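Both complexes below contain chain A, partnered by chain B and then by chain C.
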Partner chain A sequence: MSIPRNIAMALYRRFGRQRLRRIALGSIPFIVLITLWYMNGIFHWLPPVFIPTIYSVFEAIFVLQEGCAGIVEIVALDNNCLMTTNIFSSLGRVVLAMLVGLPLGIGFGILAGMNRTVSKFLEPIGIFANSISGIAWVPLAIVWFGVGWMTTLFIMLNTIFWLMFFNAMLGVRGISRTYEQSVLTLGGSSWDVITQVYLPGAMPSIISGMRMSMGFGWRALIAAEMIGGDSGLGFMIFSSAEEYKVEEVFLGVLIISMIFLLTDRYLLMPLEKWTSNRWGLVWRPA
Partner chain B sequence: MRHSRHPLWKFGRFLRDANFSHFVVSVVVILVIWSITSATIDNPGRYLPSPLAVALSSVDMLYKGILPSYFADTIRRLVLGSIIGLSLGIPFGLLLGLNRTISDMFYPLLNFFQSISGIAIFPIIVIWWGNSDKTVLAIVLYTSFFPLAYTVLSGVREVPMKYIHAVRTLGATRFQVIRDVLLPGAMPSIVTGTRLSISFAWRAVIAGEMLAGREGLGWMIFTGQDADLTTQVILGMLMIGCSWIILDHYLLRPLEMDTIERWGLVQR
Partner chain C sequence: MPAKLIVQGLSHHYPDEYTGESVHALDDINLEVEDGEFVSVVGPSGCGKSTLLNILAGLLPYREGSVTVDGNVIDGPGHDRGVVFQEHAILPWRTVARNIGHGLELQKVPKGERNRKVKEFIDLVGLEGFEDRYPHELSGGMKQRCAVARTLCADPVVMLMDEPFAAVDAQTRITLQEELIRISIATKKTILFITHAVDEAAFLADRCMVFSRRPGRLIATVDINIPRQDRNWNEMSSNSEFTRARDQILKLVRGEVSADEA
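Right, the complex of A and B next:
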C-alpha cells in the first residue's frame, strides 16, 4: 500500500463517498481562481495596481502589524498593530450591538406577538425602518452622534432590532393557541405562559433571526465604518483604498468574509440546527 | 349595487379598514413626537428639523427640479442594474441547477461570494473604475447576481425527484423534463430570488451613490450631511423608505404571491 492510497482511504472513511465528491468538486473553482490570481502575479495581465499578487496580500499582514511588540499591544488595541486592532474593534462592536439589540428586539417582538394592538402600531414603523436600508441612516447618525463608536452602534442596532422584532413576533404568532390555553388551564400565570410557551416556541424563529441579523448587521457595520467610523475593518479598507494600497484592501475583504463565514458556519448554523431539533414544534414520526 | 364598484367607494373602504387606521394613528403619533422633540432641543435646524421644515424643503427642491432629477437617476440605476442582474442571474442559476455535477462544483463558490457583501468590495471597484456610473452599476450587479443565482439554483435542486421520474417514465425527453418540470417547479424560487435581489440592488444603489458620489438619492443625503442641510438628509431618507415600500408592496410582493399560488408545488 502506497502512502497516497492510504490517505485517500482515510479521507474516504472519514467523509464518505458523496461528501468527498462534493468537497473535491467544490474546490475546483477555488483552485482555478487562485491559480489565475497567481499566474496574474507572474504574467501581469492586469497591473498589480488593480490586482495585487498573492504574496503582497500576505505581506500586507506584516506591513499592517509592523511595530507590534506582542500580545500585550494586540490586546491593548495599540495603533501599531493595525490589523488586529481593526479586527477586534469590529468584533467588539458586533458583540456590543448584539448584547443590546437582541434582548430589546426579542422583548418587543414577543410583546407584539402576544398583543395585536401593540403589533398594529409597531409593525408599520418597523416596515418603514427596515425599508430605509442601514446605510441610508449613516448621514443622519453622523449628524447626531459624530464619527465614531456611537454611529456604528446605532446603525447596527437599527438593523438588528427590527429583524429580531419581526422574527420574534412571527415566531410567537406561529405557536398554536392550544399550548397557551393548556398552560393557563393548568393554573399557570401569564409569566409562565411567556417563559414556558412563547419563549421556547419562538426559539427556532429567534435563532434564525439571530443568524439573519448577524449577516445583515455585519454588512451594515462594514458600510457604517466606511463612512462614519474611526476604526474597524470597513474603515481600514476604505482608507487603504484612498491611498491605493490595493493589497491591504484585498486582505481586508478576505478577513471580512472569513470572519462572517466562520461565525456563520461554526457558531450560528449549529445553534440553529440544535434549537430547531430541541425546541422546534415539528412533528417527527418515530 | 353599482356604486359599490366605483373606485371612490373602494378607496373609502380602504380608509375605513382597521389596518389603515392603525397605520394613520402611528404615523400621526410619530409626527407629533418628532415635532415636540424638534421644538424642545437646541438648534433643531442642525439636529432634527421639524416635519414642516422637511415638507417645505421638499417643495423648494421640487420647485428647483432637483428632487425629481435625483429620484429619476436612482430609479434609472435600479432598473438598469436589476434588468442586467436578472437576465444574467436567472439563466446562470438555471444552468447550474440542471446538472448535478456542475451545481456541486459551483455551490461553494456562490456561497463564498454571497458572504462577501457588495459594500466590502466597493473600495476595490473604486480603485478599478474610479467614481463613475460604471462603479455603481458593478456594485449593483455584484450584490444582485449572487443571491439570485443561489436562490434559483436551490430552487431547481429542490424540485422533488418523483416528478422528474414520473415524467421520464411517461417517455419525456430531457428537454421536456426541463421545460415541463424543472422550470415551473423552480418558478417560485425564481420570483423569490428576483424580489430578494432587487431589494439588495436597491440598497446597493443607495450605498453606491453615497460612496461613489454620483447624483441620486444616496448622494442627496450624503452631501446634505456634509453641507449641514439636515432637512435634505431626512427628506432623502423618507423618499428612500417610501419608494421602496411602494415598489415592494404594490409590485414585487403581489408578483411573488401570484407566482407561488400559480406554480408553487404545495401539496393540498
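Right, the complex of A and C next:
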C-alpha cells in the first residue's frame, strides 16, 4: 500500500469517515482564501498596503516581540514583548470578567428562576440592558471610568452578566418540580435544593450560557479595547492600523479568531457535550 | 400503640388557577394507618387523593384539621415521610447509588455507614450491577425500583406512594407490585399507596380507602384479608377474597352502591 493511502486509512480510523468528510468540506473555504492570499503576494492584485504577504504577517510576530529577552519578560508582560503582552492582557480581562460575571449572573439567574417576584423585577431591565449592544456603552464607560481596564471590564460584564442571568433563569425554570419535592421529602433544606437541584439541573443551560458569554464577551472586549483600552489585542490592532502596519492588524485578527476557536472547541464545547451526555439530554446509541 | 399516621377532620380548598373560584378538594377526611400496615387510597381522578398525599408529604400547607405522624404534627416536608413519586423523581445527574444514598447524605450520615445501607437497599430492590449507572441508562421499571430504594434508605416512618407504577408498562407493573409486597414484608414499613387502579389497590393493601368524586370524601374502607406472603398474581385470579374485595372497591369507585350498602 502506498504512503498516502496508509495516511488516509489512519485518518479514517482516528476520526471516522463522516467526521473526516465534514472537516475536509469545512476547510475548503479556508484553503481557497489562503491560496488567494498567497497568490496576491505573487501577482500583486492588491498592493501590500491593503493585503500584506503571508510572510510579512509571520514576520510581524518577531517585529512585535523584538527585544523580548525570554520567558521571564513574557510572563512579566514587558513592553518589549508586545504580542504576548497584549494577548495576556486580553486573556486576563476575559478571566477577570468571567470570575466576576459568572457567579453574579448565575446567582441572580437561579434566584429569578426560583422566585416569580424576583424575575418580574429583573427581567424587564435585563431585556433593556441586553438590547443595547455591548459596544454602545463604550462612550459612556469612558466618561465614567476613563480609558483602561475598568472600562473594558464594564463592557464585558454588561454582556456576560445578562447572558448568564437569562440562561440560569431559564435553566432553573425547566427543572421538573418533582426533583425539588423529592429532595425536600428526603430531609433536604432550601439550600440543599439550590445546590443539589437548581444548580446541577440548570448546568447544561449554564454551560451554554458560558459558551455564548465567551463568544459575545470576547467580541465586546476587542471592540472595547480599540476605543477604551490601553492594552490588549483590540488596542494592538487599532494602534497598528493608525501606523499603517497592516501586517500587524492581520496578525492580531488571526490571533483573536484562533484564541476564540481554541477555547470554544477544546474547553467549552467538550464541557457542554459532557453535561448533556451525563444529564441524559441527548440520546446516545448504545 | 397509637397509629403511625393520624388524619383528623382534614379539609382543603384552593383557588382555581384560571377562574379564581375556590375549589373544595378534600372534605373532612379522617383516617389512621397502623404501624406496619399497608393502606391504599383509591378514587376517581379529581377526587383529591394527590392533594391528600401532598398535604401528608408536607408539600402543601393545610388549614383545616390535623395530621400527625408518630405523634408529631406535620408542618412542612421532612424525612419522617418518604415519598415515591409517579415518575421523573430520581436526580438525572446522580448515579443509582448516589440517588439511593441521597437521603442519608442530607441527614449527614457518615460515608461508611451510608455505603453499607445503600448496598443493602440496592440488593433489596435488585439493582446489583447498576450502582454506577445514571437514570437515563435505566428502564422505567428500574428507575422506579431506584426511587423506592431511595425513599426506604432514608428510613422514613411512613412511605407515601403517589401512583408510582402508573407510568410503566403492564408487564413491569405486575412485577413491581409483587416486588413491593416482598419489600414490605422485608422492611415492615408503614405504607400509604395512592392509585386509581382498583386491581392494584386490592392486590397490595391490607386495607383500601375509597374516595368519592370532588369534594374528596372517604366513602368506605374495604379490608382485604389475605396474608402478605400469599399475594402474587398467579394465585389472585382464583382467590375469592381478592375478587370479592376488588369487585366491592370497583362498585364503590363507580358509584354503583352507596357507602351504607357496602
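In this section, the second predicted complex is superposed on the first by the 278 of 286 C-alpha atoms of A that agree within 3 Å, B and C clash if a C-alpha of one lies under 4 Å from a C-alpha of the other, contacts with A are read in each partner's own complex, and residues count from 1 in each chain.
In this text, a contact is a pair of C-beta atoms (placed from the backbone, for glycine too) under 8 Å apart; a residue touches a chain by one contact, two chains touch by 3 or more.
Just so it is clear, the structure is predicted and the values come from calculations on it, not from any experiment.
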Side-by-side fit of chain B and chain C on chain A, or clash: fit
Partner chain(s) touched by A:V143 [first = chain B, second = chain C, both, neither]: first
Partner chain in contact with A:I28 - chain B first, chain C second, else both or neither: first
Touched partner set for A:G188, first chain B, second chain C, both or neither: second
Touched partner set for A:W279, first chain B, second chain C, both or neither: second
Chain B versus chain C as contact partner of A:Y179, first or second or both or neither: second
Touching partner for A:I125 - first (chain B), second (chain C), both, neither: first
Which superposed partner A:M210 touches (first chain B, second chain C, both, neither): neither
Inter-chain angle, chain B to chain C through the CA centre of chain A, in degrees rounded to a multiple of 10: 90
Partner touching more residues of chain A, whether chain B or chain C: B
Touched partner set for A:Q196, first chain B, second chain C, both or neither: second
Shortest CA-CA distance in Å separating chain B from chain C in the superposed model: 15
Chain B and chain C contact sites that coincide on chain A, given as residue numbers: none
Touching residues (chain side chain C, partner chain A) in the complex: 57-59, 77-79, 81-83, 85-93, 102-103, 106-107, 134-137, 150-151, 154
In the complex with chain A, residue positions of chain B that touch it: 18-19, 22-23, 25-27, 29-30, 46-47, 101, 104-109, 112, 115-117, 119-124, 126-128, 202-203, 206-207, 210-211, 218, 221-222, 224-225, 230, 233-234, 236-237, 240-241, 244-245, 248
Touching residues (chain side chain A, partner chain C) in the complex: 176, 178-179, 181-188, 192, 196-197, 200-201, 203, 278-280
Chain A residues within the chain B interface of the complex: 21-22, 25-30, 33, 49-50, 120-122, 124-125, 127-129, 131-140, 142-144, 218-219, 222-223, 226-227, 234, 237-238, 240-241, 244, 246, 249-250, 252-253, 256-257, 260-261, 264
